[in-house]
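Pasting the structures here.
One chain, chain A, appears in both complexes that follow, with chain B as partner in the first and chain C in the second.
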Partner chain A sequence: MIQVKNLTFSYTKKPFIKDMNFSVNEGEIFGFLGPSGAGKSTLQKILLGMLPGYRGSAIVGGMECREHGSEFYQSIGVDFEYSTMYEKLSARENLEFFSSLYDKRARSIDELLMAVGLENDADKRVSDFSKGMKSRLNFIKALVHDPKLLFLDEPTSGLDPANNRLMKDMILEEKKRGKTILLTTHNMQDATELCDRVAFIVGGQIYAMDSPHNLIMSKGAAVVTYTWIQNGEQTASCELEKMSEDKQLQELIAKNQLQSIHSSEPTLNDIFMEITGRTLV
Partner chain B sequence: MRRWLNLFIWNMRFQARYGFYLLYAFLTIFYTVVLFALPITWRGKTAAMLIFSDPAAMGLFFMGAIVLLEKSQRVTAFFAITPLKAFEYVLSKVLSLNAIALVVAGVLAYVSGSRQVFLVLVGTFLSGAIFTLFGVLVATKITSLNQFILFTVPVEAAGFLPAILHLFGITPDYLKYYPANACMDLVSGRGVTFIGLLFTVALIIFLFYFACHEMLRMWQEQGGAKI
Partner chain C sequence: MRTIRISFIHMLGFVRRDMMLLAAGVSPIFIGLVIRLGIPFSEKMLTEMTGLPYVLVPYFSLFDILYAAIIPVIFCFITAMVMLEERDDHIDRYLFVTQLGRFGYYVSRVVLPAAFSFVVTAILLPACKLSDLSVLELLFLSLAGTLQGIIIALLVVGFSANKLEGMAVTKVSSLVMLGSLAPYFIPGPYRYLLSFMPSFWTGMVITEKQPIFMLVSVLVAALWIVVLWKKVGRKNN
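Up next, the complex of A and B:
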């Protein structure tokens, strides 16, 4: 669906995106992870055809990004991080208006509103919506024309835990429907849960690219931490794969003296810090 | 075509929602009362001035408010990543605002006793297109209503002053084919020279092309693509 080769872009004389190479397969959720100013949004704009002055190649849906016309957007859905709605119109009117800009109208507005729990607020003005409600509405606005490729920019930002879950389930549902999804986020937990592959971007460069599971497993070992009572509470740790070599642990197990034991894997954020030397959270 | 038609209808719905129709219903009644209060011999020129300076020029004033509103709600940023073409957007704005202008101008022309209502409507349409396109151009450059008011002053001076003087027969030779004067000729029901009409249409085509170009640039900048 997307092939990027030797992509370089600059706002000034200094390169902002440097020699990027990656591809995104059809039906995949691909995450761009990086701190603010890393180049994620610029990359998204290049792929959306909004910054044609790049060097190298960026092909989306078989077409070079700098060459496509406005019809290209028939099959693209974009959920910006901020609201892009007419505040004086209702949720339903906004969806009807924006869907009228596309040739294809494949999704039922009522079903989409219901899917994000806004069916009872459909006729309320958007100006009366909370930030979370606007985020959900913005998301379904990107789906009204049933696009093949979705660009999601911080889709769970500002959502409460229940709606965060609902949004992630909807994103996974869209993947099941065959959509290719490009996700830009700071949220490592969301990326781990949603993305088939992620790319760590810092300073306009990709530092690592793989599935979240492979990144976690290749760079860090799971650790087991256990506690027992001996002149107060004592704590010790060992690597999961070396548990059988830990004599103290075996002895505590044999004597039933363990107070607690748990394993912990490094998070994607730990891996990001290790690889890039930067943090996102 | 379907997309353009949808956009045209939605523009009329927005204008109704924001009270444009109510405002112009009130203004039409007010202007009608003013015209009836004047002696019959004054009505023709007064109606021409009223039509030229309000319904025909409404696009110049309202485009700033409309585009600023869309900018503030980031709707224009979204347009950049839809199949919507800048010419569809600009054309729908010009025609939807002109639709109100034509109705008001038609009523005022009829009330003033004009026998050339068709010419008045053609003049209103052409001058409405010019003023709205100037409004679009100014709106793409500004970030506040104060800026818009400031930037439209030269357009108003260049549009209104020669045309009103022309209405009263004061026309320097070099402004013989000036588009604003040609429009005023039509709005006052006097008819227009072929060259005057040609210059007016050429100006509209140029402004339309330029307005579309600037609108697309603004959408892209709003989407963060400023280089």
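Up next, the complex of A and C:
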């Protein structure tokens, strides 16, 4: 669905995106992870055909981004991080207007509103919506023309746990419908849960690209931490794969003296820090 | 074309909901009435008071020039306000990535309103004019006013970060219209100091009765539009 080869872009004389190469397969959820100013938004703009002055190649849906026509956007849906709604119009009026800007209108507005729990607020002005409601409305706005490719920028930002879950389920549902999804996020938990593959971007370069599971497993070992009572509570740790070599742990198990035991894997955030030397926030 | 039409109609609906913009939209009719009825009445009062044979009559064509500019400037101010509100709410960027696209957006927000204002000016100006203008001059004034409207819209959008700044920039940008005063009030070669303003050449067309100045006026306006268009494009990136 997306092929990027030797992509370089700069706003000034200094390159901002440097020789980037990656591809995204059809039906895949691909995550861009990186701190602010890493180049994620610029990359998204290039792929959306908004910055045609790049070098190299960026092909989306078989079309070079700098040469696209208006039909390019028929197959693309975008959910920006910020609300992009007419505040003085109702949710329904907004969706009807934006869907009228496409040749095909494939999804029922009522069904989409119902899917995100906004069916009772359809005729309310968007200015009266909470941040979470606006996020949900923004998301379904990207779906009104049933695009093949979705660009989602921090889709769960500002959502309470219940709506966060709802949003993630909807994203997975869209994947099941065959959509290719490009997700930009700071939220490592979301990326781990949603993405088939992620790319770590810092300073306009891709530092690593793989599935979250492979990244976690390739760079760090799971650790087992256990506690027992001996002159107060004692704690010790060992690597999961070396548990059988830990004599103390075996002895505690044999004597039923363990107070607690749990394993912990490194998070994607830990891996990101290890690879890039940067934090995500 | 379908999406551009939808976007333009949507903008009209947006203006209808905003009382300030709606009032601005109908104001050219009232301004025209004030000029058509108020200026001759003022002339009558002034001549009676001063005993002079005429006071405002030499400037009747200037009133026509300014009226022909005010109509498009008002319409383009309205569209600039809509564009700034859409920028404040990040809607313009979203519209760029729909089938409307960036080009379609600017056609629906600048080109179509300008064409609309040309038509309205071409209708209202003959009805409210004070001086004896030929059909060619009426059409030229409508076109020149429209080009000034586009310039002001691009100045407002290009140099304002939000709607509040847009109000302030509109006031300053309106000075673009005042070049037409120079041929009436500034003597000799000094008037050419304002020759970089399209409105200066509009004034020259009417005072000097030289049709070639029509071409100069359009070319100077086109140069302004090209430069400002690039500025707006850079701002959106």
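To be clear about the criterion, the second predicted complex is superposed on the first by the 280 of 281 C-alpha atoms of A that agree within 3 Å, B and C clash if a C-alpha of one lies under 4 Å from a C-alpha of the other, contacts with A are read in each partner's own complex, and residues count from 1 in each chain.
Methods note: contacts are C-beta pairs under 8 Å (C-beta built on N, C-alpha and C of every residue); 3 or more make two chains touch, one makes a residue touch a chain.
Since we're looking at a predicted model, the values are computed, not measured.
When both complexes are overlaid on chain A, chain B and chain C end up clashing with each other. In the superposed model, A:D103 makes contact with both chain B and chain C. In the superposition on chain A, A:M85 makes contact with both chain B and chain C.
By the touch criterion defined above, A:E71 reaches both chain B and chain C. Contacts of A:S41 after superposition: chain B is touched, whereas chain C is not reached. In the superposition on chain A, the residues of chain A contacted by chain B and by chain C overlap at 48, 50-51, 70-71, 73-74, 76, 78, 80, 82-88, 97-98, 100-103. Chain A meets chain C in the complex at residues 48-51, 70-71, 73-74, 76, 78, 80, 82-88, 97-98, 100-103. Interface residues of chain A facing chain B in the complex, by the touch rule stated above, are 11, 41, 45, 48, 50-51, 53, 70-74, 76, 78, 80, 82-89, 97-98, 100-103.
Contact residues of chain B toward chain A in the complex are 2-3, 6-7, 10, 14, 17-18, 70, 73-75, 77-85, 220, 223-225, 227.
Residues 3, 6-7, 10, 14, 17-18, 89-91, 93-102, 104, 237 of chain C are the ones touching chain A in the complex.
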